[in-house]
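Presented below are the structures under discussion, each in the form of structure tokens.
Two complexes, one shared chain (chain A), two partners (chain B, chain C).
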Partner chain A sequence: MEPVLELEQVSIQFGGLKAVSDVDLRVESQELVGLIGPNGAGKTTIFNLITGVYEPTNGTLRYLGAPMHAPTHRLAQMGIARTFQNIRLFGQLTVLENVLIAMHGHVSYGWFDAMLRTPRYWRTEAAMEEEAIALLRRFGLETHAQDQARNLPYGSQRLLEIARALAVHPKLLLLDEPAAGMNAQESADLVQLIRTVAHDFDLAVLLIEHDMSVVMNLCERIYVLDYGAVIAQGPPEEIRQNPKVIEAYLGEEAEQAIADH
Partner chain B sequence: MGFFQMLVQQLLNGLSQGAIYALIALGYTMVYGIMRLINFAHGDVYMVGAFCGFFLTADLHWPFPAALVASMLLTSLLGMIIERAAYRPLWNAPRLTMLITAIGVSLFLENLFIVLVSPDPRTYPAGVLPQHTFQFFGGVRFTLNDVLFWGVTAVLTFGLQFFVQNTRSGQAMRAVSFDSDAASLMGIDVGQTVSLTFAVGSFLAGAAGVLIGTVYQIDPLMGIMPGLKAFVAAVLGGIGIIPGAVVGGLILGEVESLVSWAGFSNYRDAVAFIILILILLVRPSGLFGSTAKEKV
Partner chain C sequence: MATQPAKIPARTSTAALYPWRSMGISILGMVVVWGVVQWLSQSGVLNLFITQTLVIMGINVILAVSLNLITGVTGQLVLGHAAFMGLGCYFAAILTYKMGLPFPVGLIGGGLVAGLGGLVIGLPTLRLRGDYLAIATLGFGEILRIVYQNWDYVGGAVGMSPPQLANWTWVFWLAVLSVLIIWHLVDSSHGRALQAIRENEIAAEAVGVATTRHKVTAFIIGAFFAGIAGGLYGFYNYAFQPSSFDFLHSFNILVLVVLGGLGSITGSIVGAVVVTALQAALQSYPYIQNVIFALLLILMMLFRRQGLLGRYEFHLSMIFPGLRREEKGGHSDGARS
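Presenting the complex of A and B:
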């Protein structure tokens, strides 16, 4: 079977800086893959390449076996969804609207139906709203459906971001630090949630995360990025032992320790 | 007429002028909301609307309602063409580049129309609208034209509010204005949404142009001053905020009317810009700026 996502020798250069160099990466169908590395290693840049925000300087990206050449919104409609490290909900819209908007890509009525409010329009609207509510219920957000998204507590906003991403009907879900700002218990719940959601929605997941317990518990395979290059990849137990990885992280921790004192 | 009647009369006059400012200001504010651009060519779209209405009624003898609607459709097409031809190529350029381009588009349209239709002022054919004057309250007058101004503005304003709040495209506009990158990552076609925003804004400006043509002479430079004043109105209400543009337009119309009444009609135009300076000094986010932040 074709991998859902495949990066082959992908590089991107900003001026003189090679932010990502010769990265090979694949995510198989239904696989949970982690992407870790010190700050500035190029993790988010890889997300931006996958979502078409950046064009690679070199190399090919393939989605479901086909080379990716489409504007960002088309890629989203094709099933690539993401969440953001710094939450980026549509704060002034309601929780329900945030989810509905992500379903835009597969609305099956046209201008004509919308203008005249034909039966088809109402049927589609009703079905979408039902789906959106079901999605919110799954994340325990249905009671907040009519609240403005910015008024949700932080943890709920993180969940809404995932719900909104699922509304795109993704085949590939990109999660950018979903556990950021969560305590140990919340992180553990999140791991469980992502696992069941990935299973139920038949998703391939690529996850950026600094919280090692989340990555090690959730991911079947991990890529380690340092200075834009993949320095290691493999199952969690292997990554934990890998001397290059330990060095990359120890270096950072040492710097952190100095900065803290 | 007593003082009180005179006051009511001035307020009614101001309401009609304010309605025109409001219709133009809506286009400014929507475009700003969605792409942080002050579209200085917007006043000229209003001028083109006035000329469309003129040619449809004077040369093609269309009935007024048909001419009004057709002019609005033509100006919305013009708005989309301007966006696609002049602004779309500059999406990744600094905002200042786009602003200067907007001034360029404005000068282009003005001069294009001077060449096409000559700089001579025109008047809509007499009898394009039935004339009637209503009187009430001991001599306060308003005309059928005034009623038309208020009615069209009210219908379009509430229609716009419904469109933005309750339709998929309106939702997309709000999402794009809030965070266009996130919107495109959720599958919203940002380009199409921006194009639609220009179409809707120009649609409203077209209506304003045809309405004003039924009362005043029109010429290729007629859009400059109302365009600037509508910009003031949009800033006054809080740029990017739809209800703010309407309220700002109405306030500006009323203030101008009262200033003229007080005997300072020479300072009518100056007052608008004094308001702009004051609002920028005292409350740059506008009247609605800090409380209601709905942007499109």
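Presenting the complex of A and C:
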């Protein structure tokens, strides 16, 4: 079976700065993979490379075995969905609309169907709404369906971002710090949620996270990034004990945190 | 995770009912409004000035709603909407007045040329954001104005004087049709995608919305209807000049949209109606007129920045609750399970 995502010697340079250098990374189908590293290590840049926001200076990216050369929205339609570190919801639109918009890439009626309200329009709209409500129900957001997204509490906004990403019908889900700003209980719930969702939707997940308990609990494999390069990779217990990781990146505080955990 | 069924009635349950009853009442209302005005103006109860005002109102409704699609819904600030109107006006006149084609053909032709103008200006400039796009569209309008001025075939600076082929009936029903089409568009998956672009372009792209293509399409459709409005304008007024479609006119259309509420279709209608009526009422005091408008804008920005209707839509169901399509569920604080 081909890996869902494969990065081969990928580098990107901004002016004189090499933000990502010679990164090899793969995510197998149904695998939960973590991407950790200090601030500015190039984690989000890798997400932007995978989603086609940036073109790599060197190296190749493959999605389901095929090289990726498409604009961001095409990649999304092909099944690469993401959430954002700084939440990017459609704030003035309703929670339901946020999810519906993510289904737009698959919508089967055209501009003229919409203008003339053909039977196809009504049928598609009804089916979309049904699917969106089902998705919201899964995240406990259905009672907020008609609320403006910007009025949701912070934790719910993060959940809505994930729900919206799932509405894209992804095969690969990229989560950028999904647990940021959550307390311990919320993080633990989130881990459980991501695990069941990944299983039920048959997803490969690549996750950036600073909360070590989330990464260690959730991920089957972890890549550690520093100064744009992969300095270690392996299962959580190996990463936890890797002296290079602990010394070069995690520092004493994190060492303590991992030991406590 | 919640397992109990959601309390939100799906749109499907009432969808079958909604369009017919609501549409029936709407169409009936439209026919009554059209018929009453038509009858009153023909029997001389409404003088020419009032009839003219009502026609201009209808043209302004088309202009405001079409600009709202681009600026209010899609969030692309445009300062050259009158340029699209001018394209429609000039080419409708060329097709009908110069080439002798029937008026409806000229009107649609003018709209199509304006739509083409939207494509031509949209493709290179829609990568620009906010103020930069505004300046680019402003430049587009000025270029067209100078082209007309130096094009003898269309009368140069004097402009053209086509016969009066448009009337209340044309304007009213085309305004109704424009509003209906644009409203349907906004309330569809494509319209939601346009709003997503306004709300957060990066996120829209990331969830699969082809942002550039959607923006250009919004431009083309908005420009098309502006072109139709332009054709009506030219063939109602007996005369038009290049300066009829200058920056000031673009700005005035934007005022209608902002006053009514960016993003609200009914707001644009209200904005167009209120401003046109006010302009007509103050016709005899041109100096005061400008002062009052300036004041109105300042007060509006101070106390009601979202416009008369904000982003809200007025719907028949607010008068006739029986038509309600869906309960506005939610709003239950802390009811998350």
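By our rule, the second predicted complex is superposed on the first by the 249 of 261 C-alpha atoms of A that agree within 3 Å, B and C clash if a C-alpha of one lies under 4 Å from a C-alpha of the other, contacts with A are read in each partner's own complex, and residues count from 1 in each chain.
The rule is short, and it goes like this: a residue touches a chain if its C-beta (ideal position, glycine included) is under 8 Å from a C-beta of that chain, and two chains touch if they have at least 3 such contacts.
Source: prediction; values computed, not measured.
After superposition onto chain A, partners chain B and chain C are found to clash with each other.
In the superposition on chain A, A:Asn86 contacts neither chain B nor chain C. A simple residue count on chain A separates chain B from chain C, and the partner touching more is C. Contact with neither chain B nor chain C is seen for A:Asn39 once the two complexes are overlaid on the shared chain.
After overlaying the two complexes on the shared chain, residue contacts for A:Arg138 are found with chain C alone; chain B is out of touch.
Of the two partner chains, chain C is the only one touched by A:Leu116; chain B is not.
Residue contacts after overlaying the shared chain place A:Gln185 against neither chain B nor chain C. Within the superposed three-chain model, A:Glu130 lies in touch with chain C and out of touch with chain B [touch as defined at top]. In the superposed model, A:Asp147 lies in contact with chain C only, and not with chain B.
Shared interface residues of chain A (contacting chain B in one complex, chain C in the other): 51, 71-73, 76-77, 81-82, 84, 88-93, 97, 100-102, 104-105, 107, 114, 164-165, 167-168. Within the complex formed with chain B, the residues of chain A that make contact are 51, 53, 71-73, 76-77, 81-82, 84, 88-93, 97, 100-102, 104-105, 107, 114, 164-165, 167-168. Chain B meets chain A in the complex at residues 167-169, 171-172, 174-175, 178-179, 181-190, 293-295. Every residue of chain C that touches chain A in the complex is listed here, in rising order: 1-2, 6-8, 10-12, 15, 19, 181, 184-185, 188-193, 195-196, 199-200, 202-211, 217, 221, 311, 328-332, 335-337.
Those residues of chain A lying in contact with chain C across their complex are 51, 71-74, 76-77, 81-82, 84, 88-93, 95, 97, 100-107, 109, 111, 113-117, 121-122, 124-126, 128-130, 133, 136-147, 156, 164-165, 167-168, 193.
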